[in-house]
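Next come the structures, one after another.
Consider the two complexes below, in which chain A is the common component and chain B and chain C are the respective partners.
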Partner chain A sequence: MHQLYTWVFEPGFFASAPVRTAVVIGGVAAVVSAVVGVFTVLRGQSFAGHALGDVSAAGGSGALLIGVTPLPGFIGLGIIGSGAMELIGIRRVRGRDLATGIVLGAAIGLTALFLYLDTSASATTGATQQILFGSIFTITSSLTIIIAFSVLAVGAIAVIWRPLLLATVSPDIAAARGVPVRLVGLAYMLALAVAVALSSLTVGAILSTALLIGPAATALHLTRRMGRALILACVTGVAATWAGILLAYDSYDWGSSHQGLPVSFFIVAVIFAAFLLTGLPARRAAARPRPASAPAAAPEEACSRAS
Partner chain B sequence: MPGMTEQTRTSAPAADVLDVAGVSVSLSGRQILDDVSFSVGAGQFTGLIGPNGAGKTTLLRVILGLQRTSAGTVTVAAQPRSRRNPSIGYVPQKILLDPDMPMRARDLVALGIDGHRFGVPVRSRARREAVAAMLHAVDADRFADARVGLLSGGEQQRVMIAQALVSQPRLLLLDEPLANLDIRSGQEVVSLLARIAAEQQVAVLLSAHEMNPLMPVMDRVVYLAGGRAVSGPTDQVIRTDVLSSLYGYHVDVLNVHGRVLVVAGPGGDGHGDEAAFAAPPAREAG
Partner chain C sequence: MFAGFMMNTWAVATIVAPVAGVVGFFVVLRGSAFPAHAIPKGAFAGAAGAALIGISTLLGLAVFSLLGALGIGVLGQRARRDVATALALVMMLALGAAFLSRTTEYEPEIYSLLFGEVLGVSSTELLPVAGLGAACIAAVLFLYRPLMLSSSVPDVAEAKGIRGQHIEICFLIVVALATAMTVPVVGALLIFSLMIGPPAAARSFTSRPVLAMALSVVIALVTVWVAIAASYLYNWPIGFFVGALGAVAYGAGRGWAAWRGTRRAGAASVAMPAVPPTTARA
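Our next item is the complex of A and B:
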């Protein structure tokens, strides 16, 4: 029994301060990402989420350049980017897509510049790895600030929950019921920026989409109720993060070279596996004949026959 | 629906639920609606009929307070129009619910009660019972717990109607609810709406580009063409002289085995029904 225990939890796992920090911050980031991510998936804004990751990367690498921790950069530029995307392209889905793509391109360009300067000028050699792929074991940002932003983001989603859901079902119905649809959309985008910033801190800006979308998509495989989807997404995200941390810690002892493997890889791998596994029964259900909805040609046909 | 029929809404004696007076709308210099006037009374089933591009959706958006007018007034249940008018229930055009949407039919109907409110939903027995009663009223008990995105077009339409009616509005607006339905589902939705209009004394205003499915239940018609409207009892509007004068060229209203056909006359280009309907070279706005 003890052998099994030490095989799963390599000695020193719980005593290690970096591990404890990683467990707390990783868990918090996973919860925020899951809560926001369920709406991101439903609103079909995965691409916007990914673009915000790239914007955050520019912010984080810029922050390193001026000698502060990446978090203010991640959050600051993420909020500016999300506001810009919402304001440029809110009207049409296509417009939103374009706005997102343009912001994304500009952000990656900036990231390339900042990271080059980080690594060449200021000798922050790990910058590229840290910003793009995360550094959950070496987070220097204040835990208080991280928690404060998390509470803010989750609180915002709780407040706009029903109007956001109604606007996701139909912006027209929401508007007719007096919901300030644009304001609600903006509040959601700000929460999204915070979620992406926190994920960037843990799994990196590039991989933040995985933590945002993966657990939410997994949960949507499993339930037809919104509240449960939210809880399942949180559980999946936190479990994947913690499992990833554990695997990364243990991986130090897997080979003879004592080379630990990156935690971001393990977190994303666990999420991906969860998504695939939960998708199997859903896929089988989808293959069953569904109640027939009218094919696209039906209205004309109905017209000509009836008239 | 049970429990709601006793609650008669005739306290405002015979007043029109909806009164549209002289409404004009221009969008980027183009006249979409031109001096449109009509009214709808409680319990009446009114068809808003017209070809694509006639301005049906724009007119509904005006009534909902989502579209500015350049002239005219709209009164709903004796209140000037505004957003968030609890007297209006609304089923928009082309609702496509995502199959992934983690929502049962009853969750969607519940949004009709308090979906506009901020904060997390509070469960209550009254709320649950109102939703169940409404689902029963639209014959949706069978799929009340199914994922909405997986329901058929007709079933989704019923759920959307329940969503719109659960807050007990006095006016129900539906934008092309039959557009994506097969004939039988369309007939079911129409007879359901007629029953609800009569039972709950709700004024129903339903837009459609094809009037025949509505003929058996339609009390009145508002016929829109080229931004102008005529309204009245169906047999007084759907006539060759009335519609010809509305279209501005000769159309024939033919009665074929009890079904009505509006075709461009000899002066038109002779392509029949759809040619007449396609005549105003405008795309529907909004």
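Our next item is the complex of A and C:
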């Protein structure tokens, strides 16, 4: 029994300070991302969710350049970016993706410039990798600020919950019932920007997108009820994060070379596996021949198209 | 600016821009901006993997961008396309992070793969880039009619026996080819700007497909040429100029469309809805 225990949890796992920080921060990021992510998946805004991570990374590299802490840069440019996407965004999904692309392209250009100036000004080695990939084990910002912004993002979603849900499922009905659809969409984009900026700063750009989309899509494979999907997404996200941290810690002893693999790799692998496995029943259902008159798209998919 | 060592740069840029302009036209038309971002970015992992096992970067990029295209295409048939794209992208990036943790690759190498290094193009790279570019253009020409139909009127295309899913995968493979050839030159992230900005601008100026495609090629060429010249003169990264010019071109296109729209509305003195009815398909 003890052998199994030490085989699963390598000695020193619970005593290690970086692991503890990673468990706490990773858990917080997973919960916030899952709450926001359920709506991101339902609204078909995965691209915006991913792009905002890159946009806020431009802010992070800019902050590095003028010598302030990256957090205001990340959040500031994330909010500006989301506002710009919503402003040029057209109501059609295609137009919205295009608007996201244009903002993303400009932000990538800025990142290239800032990183170039950063490295030529102070030779900060590792800046590129730090900003593009990030690492859960090297968290610099204070925990209280991170939790404060997390509460802000989740609180915003809680406040606009009902109008947001209605505007997501059926924008036309929402508009007819007097819900300010554009305004609700903008508020949602701002919450998304804060959540994504926060997670891409703390756990890195890869995990930011993975935690936003993966658990939510997995949960929506399993249930169509919003409350349940939300809880399932949170549980999946946190479980995948902690399992990934554990695997990364253990991977140090796997080979003879004593070179661990990155945490982000394991967390993403766990999330990806969960998504594929929960998609299997749906896949079987999709393989059944459909009656010719049935609509090609699931109802909620059609909603995201119309929005 | 036109010294010997710059000639390869000008040549490569002149090959890359038309390909990005033509492929990008369909990227914008089909609303495939996310796959067009994800395939190059994910292919970056292939370059890292190639460095790890010591094979040519171009091969690594080609294999990973094809894998990415197939992954997005196959997953996208079952799940939402944007969700499938996001998850395929993060899986490839995670692999890239794992590869990078195993190599002692020099930091500027990563920077140039992501943001481009046009000044280091060697003559031996010209031929494969030209070959892949020609293959891309040929594939688009070959697929032109079914691609056009399934992008603009999917129902009619299905009725004519054109399978949307097949076209989607073929198109993603073309994007992957374009990616593999352009990433070493303009970088994984900026090929995306080049595939979005110029075509989006061109579509605001005209709605006729062939004209828009030609215009898109012209804007892409001008963008790349100006970016190279500016990058040479000011010593700033070329990626910044490509990204900025793409956004400026799109802004100009939208401005033009808005100006023409108000003029027409004024002439006809009819209140037209600003946004056409939602007929598009994701």
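Here, the second predicted complex is superposed on the first by the 276 of 307 C-alpha atoms of A that agree within 3 Å, B and C clash if a C-alpha of one lies under 4 Å from a C-alpha of the other, contacts with A are read in each partner's own complex, and residues count from 1 in each chain.
Please note the rule applied: a contact is a pair of C-beta atoms (placed from the backbone, for glycine too) under 8 Å apart; a residue touches a chain by one contact, two chains touch by 3 or more.
These figures come from a predicted structure and were not determined experimentally.
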Contacts of A:Arg225 with chain B and chain C, given as first, second, both or neither: first
Per-residue contact with chain A, leading partner among chain C and chain B: C
First (chain B), second (chain C), both or neither touched by A:Arg177: first
A:Val169 touches, of chain B and chain C: first, second, both or neither? first
Partner chain in contact with A:Ala158 - chain B first, chain C second, else both or neither: first
Chain B versus chain C as contact partner of A:Val41, first or second or both or neither: both
Contacts of A:Leu113 with chain B and chain C, given as first, second, both or neither: second
Which of chain B and chain C A:Ala269 touches, first, second, both or neither: second
Where chain A meets both chain C and chain B, residue numbers: 41, 44, 286, 305-306
Complex contact set, residues of chain A against chain C: 41, 44-47, 49-51, 88, 90-95, 97-98, 100-113, 115-116, 119, 125-126, 128-129, 132-133, 205-207, 209-210, 212-214, 217, 259-262, 264-265, 267-269, 271-272, 275, 279, 282-283, 286, 301, 304-306
Chain A-touching residues of chain B, taken from the complex the two chains share: 64-66, 83-84, 88, 90, 92, 95, 97-104, 107-108, 111, 114-121, 146-147, 150-153, 155, 163-164, 178-183, 185-186, 209-210, 212-213, 259-261, 273
Residue ranges of chain C touching chain A (in the complex, touch as defined): 28, 30-31, 33-34, 36-37, 78-80, 82-83, 85-87, 89-91, 93-95, 97-98, 100-102, 107, 110-111, 114-115, 187, 189-190, 192-193, 196-197, 200, 236-237, 239-244, 246-247, 250, 254, 275, 278, 280-282
Residues of chain A touching chain B in the complex: 38, 41-42, 44, 158-163, 165-166, 168-170, 172-179, 219-220, 223-226, 228-229, 286, 290-294, 298-299, 302-303, 305-307
